Amino acid sequence: MTDPVLATDGVTKRFGALAACDGVSLELRPGEIHAVIGPNGAGKSTLIQLICGGLAPDAGRVTFRGRDVTASNTQARARAGLGRTFQVSALAMEDTVLQNAVLGALGARGGAFRVWRPALRDPALRDRAMAALERVGLADVAAVRTAELSHGQRRQLEVAVALTLEPHAFVMDEPMAGMGPEGSARMTRFLDGLRGQAPILLVEHDMDAVFALADRLSVLVYGRVIATGSLAEVRADPAVREAYLGEDA
Amino acid sequence: MKLRSLIAAACIGALGTAAAASEDTVKVGMITTLSGGGAGLGIDVRDGFLLAIEQAGRDDIEVVVEDDQRKPDIAVQLADKMIQSEKVDVLTGIIWSNLAMAVVPSATARGKFYLSPNAGPSKLAGQGCHPNYFNVAWQNDNLHEAAGGYANDAGFSNSFILAPNYPAGQDALAGYKRIYDGELAGEVFTKLGQKDYASEIAQIRASDADSVFFFLPGGMGISFLKQYADSGLDLPVVGPAFSFDQGILQAVGEAALGVKNTSQWSKDLDNAANTAFVAAFQAEYGRLPSLYASQGYDTANLLMSAMDAADVGDAEGFRAALKAADFDSVRGDFEFAANNHPVQDIYVREVIKEGDVFTNRIIGTALEDHSNVYVDDCKM
Amino acid sequence: MPAPRHKAISVTPILFIEQVLNGLQFGVMLFLMAAGLTLVFGVMGLINLAHGSLYMVGAFAAAAVAGATGSFLLALVAALAAAAAAGTIVELVVIRRLYHRDHLDQVLATFALILIFSEGTRWVFGSFPLYLNIPDYLSGPVTLPGGIEYPLYRLAIIGVGLAVAVGLFWLVSHTRLGIRIRAGESDREMIAALGVDISKLYTVVFALGAALAGLAGALVGAIQSVQVGMGEPVLILAFVVIVIGGIGSIKGALVGALMVGLTDTLGGVLLPALFRLFLDNSAATTTGSALASMLIYILMAVVLIWRPRGLFGVAA
Amino acid sequence: MSREGWINALLLAGVAGVPLWAWAVDEPFTITLATRAAILALAGVGLNIALGLGGLVSLGHAAFFGIGGYAMGILASHAQAYDPIMEAPILIQGTKSMPVIWLVAVAAAALAALVIGALSLRTSGVYFIMITLAFGQMFYFFAISWPAYGGEDGLSIYVRNGFPGLNTLDPIQFFGLCFALLLLALLFSARLAKAPFGLALNAARQVPTRVATVGLSPFRLRLVAFVMSGAITGLAGALFADLNRFVSPTMFSWQTSGEIIVFVILGGVARTCGPVAGAALFVALEHVLGDLSDYWHIYLGLILLAVVLFARGGIVGTLAGRGRAHD
């Protein structure tokens, strides 16, 4: 078995008496899409924060590409090659689509402390940003202000910004959220192709997408992982059937 | 003229003199504080100054008045305007030492005359003195020195002294200590603009002082006096006239009654010029004149006396005419020391109530023919 | 001429206790200012630089009424009423247009209000300070246990301030208005959904804050000077208080006010005394006083560096 | 050229043209006013980097303005008294040379901004506004009670400092110098806004989490912006002191900070030439309204209120349409 790219080992985060994450251990292996599902309030958002450096765990470790990054902040983890998308689009709405993508390219370059030459006229930055926009299909609207994009386009731009970093792993927080069936299908196809580039930890509510994409699945309930494994294994898990899928299935 | 200006050419009814006026008119630029918290002082200086000109009935003086908002940079800007655009011959009006320090050196360096109706910082009296700079009020230390003189006369031997922690405050305590012979029960610098003196009053109470000297101009003094009166302390208090001025005395009220203060002027000074001034000021403006009004009035009279003796275009002659100080000062005898600061008597006044109005009356003389200690530093 | 000899002021226990009382009184007065400021920020999210102007309005109204009627109680009532009225008018005409703006617009608009209030007051009342004094029945010192003589009026201010503090805690925790205020702090949309007339609530809260500022102005005006521009130094201190306490927290305002009051008062006495241990008297007095005047700002910076949202501030 | 570009060009032509006209008709005071406007605009350009691009509402920029002023005051006062600033361990003399004074002012203000920024940027929102105010007040009280350089009286310089090849005492030449520096600062801030740094800083204002997740540190971006901002405002302070040949603690007062903010908002937040429009209008209002009434602050207040309530985006924003920071 290959070493995981990204792993959590018993991470725990408490807010007062409530344990939002309680000893969560997960592995993201090369080339896979690992989906994390669970009802609202299961601790998915907290888990993402712990993985990406927005919160520090009370206990447990996070390792990325073989290194312990538990003590690193968000920027350090990003520079190490962790690409993230947000559930609610976190984009500079006043800026153009291209400017948002260039921001990612700046991050990939490792610094933005240049004060004279316009960023958009730097061929290296621009090419990298345009390449990412083309891959998600936003090249046509590169000059449009982000605030004027449709909801689906913003989801695409979220992914494009992460792409510019050429990360070693993606962490995606509900990339299908709020998209119509058609948009979801397009995003599903896109992510399917992306797994060759880097593995994806996918937190998602859209079960069609999860079933279509996930190589493996973890089910989070009340801050704990109650099951992990392939689709078939998880579907067969009695605890999952009772706690979560039971109501739907 | 596009600028706001009070043209005080008091040529009421004197038609036909206007043509002649332009020939040898003296143009005066008055920069003073007319807005914000310290406006009362500037208004009094302006009113006193304009009253003197109106009384004299002269049509050969043109006064441009501007408000410095008590900001040094605005004062400098206005001085530039007066000199560059208005082409004034004489500047006057500044109330505050820090504004004077900002304006006076460069104005006199550019050949203008400056007559100070209020501020007298030590730098302008000593090394920074200038033949074109005349102080018609006092050197800043004077009234504090007089308070020290009064303390000696009254037999105080252990004073508690306090002033705000800024140059004028530091000078004030130095001035008091220069003349005062006794010991100090305590020496405290307060914050500039401080309004609560409970802490200082507690320290006075805890000390074994037999008297209190304070210099707290404006609202600071009002606060101190009210709180001191309420504290039950009954040590004698002495201070310079600034906290007992006609303008703010009404705001202090009973708390000031009986307090001694030192001043080179008082409305009950018995001389003809002063009697006429007090009556005319009340008639014109409907209020009692203040120390500042008297200084503005004297400043204008000094200027007019010099104009009678020499032409302003003749700098040498005009300077000598100013220095002669050949005018009837409302404070009685007045002459200039070698550094162009007054040599004058400084009185002790007591706060009294006349009808409903709080005011001062003279009870003695603290220092006679008092000059200042910076004369020897002035080389001109 | 022999230079007068200095005797350093020693800090005796009685002096220390008196200074603590002074610090308390100053703190309580700051609390009256800070409570309104912090409520208005907590409920409406508004930075109100013109709060100091309402303090001034209270003092001037009190001075005017005391001058006309001779009654200090009427003067206090007038201060409360005038400040509340001024607050209501300003809220209706200007402030309510600012709730949805960013802090920058609020800073500029309320800065403009300061200019209007200050010069307007000068226009009405003139450039000279007004007279307002302590009523006879509250004047003079009383002797406290331990032989400390302390002005009765200052004790009265401490009493009024603590009573207002208790009243405010009760108001916020036990009344319908308080429930709405707390709801408004946590979730504005929710209380609109509950059918509370939110714009009326905002006007009431703003007027309440204004009235407290006016009360502080009148109480303090009697021992200080009633003059134009008296509000701004207090305003800055009140901001220091609510920032130390955590914006929006009445408890924080009380704790912050007492901290600032005690720090400022005791620092002014103790620092020069401390410096006298290793500097000569005059240098110690100047240096100590200089540092004392910076002390509360240093306190605030330290608190914020340690806890970026103040002592009782809620996390973002 | 965009509409805003035309407005900027007209504005700058106006700020340069008025003193040229005044020079032609020999109205030196108008030149002085224009110089004042140009210098205050420069202070605003500095603040605009922190406030407009970075979203950092600093109510303590008077600290940097004052530091620049005192850098000039201290260096020039020692030079005019032939009294070295320091003799041991190395001899440091005062100077009357503007370029040297500017360098010192910029360096000192930048250093102060680095320290103040590093501490203040741990907070945000209102807390940031207030902690910067607190630092400004510390400088103010220190300057008032520190006797070595005049305390509240301030420091007077008798002759304006020199610049190689120019007669700085001539109002129009000194204006030219200040205007040139203003143009340089405008060019720098315009380039900065489009450069990688400006792009990242602007994004950090809108979505700091996004900036962090691409590996850039919002804190460092803001800190560097705050330092640049403080340095430019410090340069303006040095020029302002030279214009008045005087420096005093007033430069450190919180009203000064407030006025610099007013220039920026009045002109238009995050607009390159916003501070120029704001400062020019402010100086003109001060001059014209002062002639109308002793109570002119009331009118100034009403005008400022009207701008906030009805002309969002400031002068440039209203004229050029579509705001950036205030949408």
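Should a chain be cited, it is by its letter among A, B, C and D, assigned in written order, with residues numbered from 1 in that chain.
Going forward, contacts are C-beta pairs under 8 Å (C-beta built on N, C-alpha and C of every residue); 3 or more make two chains touch, one makes a residue touch a chain.
Please read these numbers as outputs of a predicted model, since none were measured by experiment.
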Required steps from subunit A to subunit B (each step between touching chains, minimum): 2
Intercentroid distance (Cα basis), subunit D paired with subunit A, Å: 43
Inter-chain centre distance, subunit C versus subunit D - centres from mean C-alpha coordinates, in Å: 31
Distance between the centres, which are taken as Cα means, of subunit C and subunit A, whole angstrom: 49
Chain centre separation in whole Å, for subunit D relative to subunit B (CA means): 36
Touching two or more other chains - residues of subunit C: 118-119, 122, 286, 289-290, 293
Of all residues in subunit A, the ones touching two or more other chains: none
Per-residue multi-chain contacts in subunit D, two or more chains: 141, 144-145, 147, 295-297
Chain-chain contacts as defined at top: A-D, B-C, B-D, C-D
Subunit D-touching residues of subunit B, taken from the complex the two chains share: 2-4, 34-36, 39, 66-67, 71-73, 76-77, 80-81, 84-85, 97-98, 101-102, 105-106, 109, 121, 123, 165-168, 170, 189, 191-192
Of subunit C, residues touching subunit B in the complex: 1-7, 9-10, 12, 14-15, 18-19, 22, 25-26, 118-119, 122, 127-131, 133-134, 139-141, 149, 151, 153-154, 220, 222-230, 233, 265, 268-269, 272, 281-282, 285-286, 289-290, 292-293
Residues of subunit D that touch subunit B when the two form their complex: 27-30, 32-33, 36, 141, 144-145, 147, 150-154, 156, 158-159, 171, 240, 244-246, 248, 250-251, 290-292, 294-297
Complex interface listing, subunit B residues touching subunit C: 35-37, 39-40, 43, 165, 170, 177-178, 180-191, 193, 195-196, 198-199, 202-203, 205-207, 218-220, 222-223, 226-227, 230-232, 247-248, 250-255
Residue ranges of subunit C touching subunit D (in the complex, touch as defined): 41, 47, 94, 97-98, 101-105, 107-109, 111-116, 118-120, 122-123, 236, 239-240, 243, 247, 286, 289-290, 293-294, 297-298, 300-301, 304-305, 308-310, 313, 316
